[in-house]
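Okay, got some structures for you below.
Both complexes shown next keep chain A, but they swap its partner, so chain B is in the first and chain C is in the second.
Let's look at the complex of A and B:
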């Protein structure tokens, strides 16, 4: 009986919606917006994939160049320039033999561009890699475009999807009352609760089918299903989208349950959208900027300058201290006469040490502030879902931070490989090239992503539960005659 | 007659609890964002000025050194926050704040504040410009969507017109009434803004008060456009509710959809090279030169000098040939940088034009462009600063090469005295004039003018043909 009632409501709803002029325009319009957003995201992924490929080809070319010159030298040729002699460890391990490491676009970048247009996704690693390497800019991009942001699926989902939900549901109950059909409907064996739930559930299915359908098509076309990893990300993406849409449906049901007119409902719902999606996030940002100002990067420049001035003046002293600190690097025999390269390295290392201190202080200050700022996201479902969506897509800052820290570790390996040879004045040969440390990015596991999503997703689900409970109680009081 | 309408409309609005709440909220946000923006801009400017002074100290205290080594040692330039940046922070978070000026190379601006922030902060902070561009139009919509449609629904429109008041007069009265209500929150904000400029500008700018006055005019034109559009929709919509829905749709397209579509469109029409392509091209051209711009050859430079001075050996030259060669290399490099960076900046400029042209669909795009322009926080003024810094670099390196050339002989180890560095002029930046900004932004001025005129025409037409009942 109950399932039959729900079936009847759903069938009738379909007929009503199919006849509704506004929805016949609004729903296809949204599908067009989704498709446009997706096309945009995919163009960006192609651009990034191409760039990553070019970056990696650079490694092959550099290695071949070194091999060619080393082979020629072996056959008696002179090096092209004494400063670029690939047999010197500080040349092979330096800029000439630098290894470019790149981060593949996040598995669902086509759906959410996130921070991927702002943060660097490739670096050159050499013995000179230090904290200033990580200060570099990302992709070449017009600052104006960075400021505005992309029209991607995440944007449509966060900003526009709620409006679709509101347009579909603001008069779900009030409209019946205004037409005078509510009393008639409720005289049937159906409660207002079930009636509204069925109507909204039907609309939710349509909205989510459109949103998730387009997402899945996007993932399919951009090859996101390729490996096993992204499955969890896809699930998280769909879950975040679903819960966010349900929040707006629950809010719609609640407002409807208050028994006011359709235009009152519309005004209140649009007001809620405006506050939660537009005003609150911007207000939170200004409050965050005041309460938790990020430490300035400017001091890093000054610190770097002072460190290098100091280091240049005290090269020999620094080398002596360096060798004292790292006896393992010299192979035991203390060099009597430090080479130019060894002196230069000692200075470089001293600057790097100082930079790491300054940078570490800055990083921990920044992370602390950002952690505090992140707390405010619980004030706005839009901020919660934004974080989950771009994190699921692999374009959030955590994946970039992970990449950066692995590059940092890799640079350390690279230095450990070359520095002993620099200090010992050892000559490099082509045989060394295949034995150089290699970079393999260990991507986030499903567990990492899932763990980060747990709190925001739970918060959003609790919010939906609370609003839904409000609607449930309110709808229980609705009487057809009232 | 019209004064009665204005007074009645104004009293209606001011007595309406909903308006009072909304206006109080928007007004408070406006004042808070002005205040916080000013404090933040001032702090940032203090820090930048201090860093610039430290950079100069480093430069001056280099000690005895070869002038070319000093050119390699270089100096940092920090981009100041301009006087009006507290009203509209524009693209400041997305452009670097500092550039290293050294021999041989034009470097990129580093340290974009946005790179350190959380993704949520990409949504943008609530600056005064955000409030003025997004929230005030919304308030206007709330004030006016029912102005004519509501009267018609209540049946009072017929009565009103029966008193002999003209339709246009009625519409004008409604518009002025709403404007008077808006003035309650805009005038205090303008006073606070002007006071902030007078009391102490956060940073340098030419004629900040003039900039501020033009900025205020631009926003007034924007609000007038919205009042016109809103009244036109209210006159023609079958019901007040429909008027509200249509106006909200316009607001969403204006504030959310059009700006982002402009991003994609601009990138599609005028693609920028990837960073790695850009670097590759630059490297290639620096190594090999391009058609008509050849890399100087040291042997040729030396031969020419020998011929010019009529001597046989470089040691006999009265100048240092290496200094001459270094300077010729600089001139060569500068041409390559101008080609590449110039092309990139020009692409950004064209992309900016796309944003401006799309103001056809959304007046916000015109207003935003003008607002950032007058606040000195747009891409063009970043370029203006970058060009000034680059020119300083070129002049500095040229002087240092000149010192080397004039004061030493080829092959000689030459150390300039420690007081040479303070003789080099420090870096000074003069922000462009208001007229420069407005000339750059002529398209946006035109667009905003068209919107204002269009809104006037549309509202006149709509009110003349409005149904009475």
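Let's look at the complex of A and C:
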């Protein structure tokens, strides 16, 4: 009986929606928006893939250039400049031989650009790599994009999908009451609870079919299915979308159960959207910035300049101190006259140490900001779903932090390889090139992503449960059409 | 009706003052189990008593007309039988089922035609009938049978597939009756069903009620229309201030008697 009733209501919903001109316009409009957002995300992925390709080709070209010049020098040719002599360790390990390392786009970047247009996804690693390297993004980006985020599928899902849900559900019960059909409906053996649930379930199926359908098409077109471990990420993406949409459907059911007019419902629901999706996330971000301000980049640059000037003036002293701190690098003999390269390295190291202080303040301020946002994200389902969507896409903070951490470690390996040679004044040859440290990014596992998603997904499910319980109780009280 | 309180119940020719346990309703329902039954049914809104200690029985093939002015409690009584309202005390029963305890089960035996039958405007009469009949448990009725039912209810054949937005009130009422016919419910609740209908449509409506009565349906109809109540009803009850103040069988009174009794109670 229950199944038949639900089937009857679903069938009637199909008839009603098919006959409703408004929804025939709104739903295709959203599908167009989804498609546009997808195209936008795919354009970004193509740009990022092209950039990564160029960066990697640069590595090959630089290595080939060094090989050619070293071979020529071996055959008697002079280096193009004494300051660019690739036989010097500080040149081969410096900018001439720098290795560019890049992070491939996340498996579902086409769906959610996330932090990938904000955080650097490639670095030039050399002996001069320091903390300022990690604070700079080589891309020139439209500031409006950086401020409000790109119009991608995640944007549509987080900001606009709730509006579609509200448009389809704000009058699910009040509309029936206002047009007079509720009395006839509730005189049949069906409760308001089952009636509204079935109606909203049908609308939820339409909305989710559109949102998930476009997502899957996007993944298919962008080749996401071919990348490693996409299934878990796709499932997380779909689960986040589903639970988020269910939250808004549950909210519409709750508001409808209060027995007010459709216009009242619409006002309250749009107000809830404004507060939960726009105002609260913005307020939390502003509070994070005010309570835990970051040192400015200008301060970082000023510190770098001051440290550089100071280091240049005190290079000999710095080198002596450096060798005292690192006796293993002297080979037991620190009495030789230091080379120009060794003096330069000592100055570089001193600058790096000074910058470390500022960057540490920057890091800790950023950590405190993130902690505050993490603590208060439970107030806004939009923040929770955003975290999950961009994490599922592989464009969240965590993947970039992982990349940065591995690049930092790689920079350490690079320095460890070249600095002893600089201090010892060793000459480099083409034979060294194949033995240089290589960067291999170890991407996060699905387990890492799943573990991070557990808390926001659970929180969102609890929110759906709470709001749904409110709707359940409220609808249980609806007995008649009055 | 409050316990121990006496009610003044009239029959055809004389005014009787009897205890509630001896009402005409009792005698009418004594032989056959009632389809609709109110037992000391009361509904109170804040400071207002909408229905007070109502005892009422409607058996199969009976058309019981509830008369009374606006605010007398007629619609509230119907809504209590439908389970739209929760009684403050007492109980409403449909086919022996307590409406408050088994609201959905009791509705399987009920059909309801409100004063304004409002349907889905973007759907046709046939589609509306198919939907509400299916909701009422008759999901397997074929289209031919549904069309036939609409015809039985008096809807013109050319209107069957038209959108309801183009229907008159009378046509919508006919679809409402068609829904009741399709449901084959044991009881029919009507709330001012002929209000706003032209005389011809009202007559057609009365004929339909007669047919339903002949099929054994128990009908409880709230109405202002004394003439229609006398012509169509088998019994008439007069409500005032939430109380059933008079009850009579229509066979034994004339139009003038009914009007006189009604007006007497309205001017008490």
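In the analysis below, the second predicted complex is superposed on the first by the 466 of 482 C-alpha atoms of A that agree within 3 Å, B and C clash if a C-alpha of one lies under 4 Å from a C-alpha of the other, contacts with A are read in each partner's own complex, and residues count from 1 in each chain.
In the analysis below, a residue touches a chain if its C-beta (ideal position, glycine included) is under 8 Å from a C-beta of that chain, and two chains touch if they have at least 3 such contacts.
It should be emphasised that the depicted structure is a prediction, and the values quoted were computed from it without experimental measurement.
Participant: Sharing chain A, do chain B and chain C clash or fit in the superposition?
Facilitator: Chain B/chain C on chain A - fit side by side.
Participant: Between chain B and chain C, whom does A:180 touch in the aligned arrangement: first, second, both, or neither?
Facilitator: second
Participant: Using the superposition described at the top, determine whether chain B or chain C touches more residues of chain A.
Facilitator: Comparing touch counts on chain A for chain B and chain C gives B.
Participant: Which partner does A:289 contact after superposing on A: first (chain B), second (chain C), both, neither?
Facilitator: first
Participant: Could you tell me if A:28 is touching chain B, chain C, both of them or neither one (first, second, both, neither)?
Facilitator: A:28 sits against neither chain B nor chain C.
Participant: Using the touch definition from the top, say if A:412 reaches chain B (first), chain C (second), both or neither.
Facilitator: In the superposed model, A:412 contacts neither chain B nor chain C.
Participant: A:189 in the overlay: touching chain B, chain C, both, or neither? Say first, second, both or neither.
Facilitator: Once the two structures are laid over each other on A, A:189 reaches chain C alone.
Participant: Touch check for A:155: first (chain B), second (chain C), both, or neither?
Facilitator: Only chain B; A:155 stays clear of chain C.
Participant: So, does A:163 touch the first partner chain B, the second partner chain C, both, or neither?
Facilitator: After superposing on A, A:163 lies in contact with chain B but is clear of chain C.
Participant: Have a look at where A:476 lands relative to chain B and chain C in the superposition and call it first, second, both or neither.
Facilitator: neither
Participant: Once the two structures sit on chain A together, report how near the CA atoms of chain B get to those of chain C, whole Å.
Facilitator: 17
Participant: Report the residues of chain C in contact with chain A in the complex, numbered from low to high.
Facilitator: It is residues 79, 82-86, 103-105, 107-108, 110-112, 114, 116-123, 127, 131-132, 134-137, 139, 176, 179, 189 of chain C that touch chain A.
Participant: With touch defined as at the start, can you tell me which chain A residues reach chain C in the complex?
Facilitator: Going through chain A, the ones touching chain C are 1, 4-5, 7-9, 11-12, 15-16, 19-20, 179-181, 183-191, 479-482.
Participant: Provide the residue numbers of chain B that touch chain A in the complex, in ascending order.
Facilitator: Result: residues 29, 32-33, 36, 39-40, 47-48, 51, 54-55, 58, 76, 78, 90-91, 93-98, 108-127, 130, 134-135, 138, 240-241, 244-245, 248, 252, 256-257, 259-264, 266-267, 272-278, 344, 347-348, 351-352, 355, 378-379, 382 of chain B touch chain A.
Participant: Taking the touch rule as given, give the residues of chain A at its contact with chain B in the complex, in rising order.
Facilitator: Its residues touching chain B are 40, 47, 50-51, 54-55, 58, 114-115, 118-119, 122, 135-151, 155, 159-160, 163, 262-263, 266-267, 270, 274, 278-279, 281-286, 288-290, 293-294, 296-302, 305-306, 309, 366, 370, 373-374, 377, 383, 386-387, 390, 396-397.
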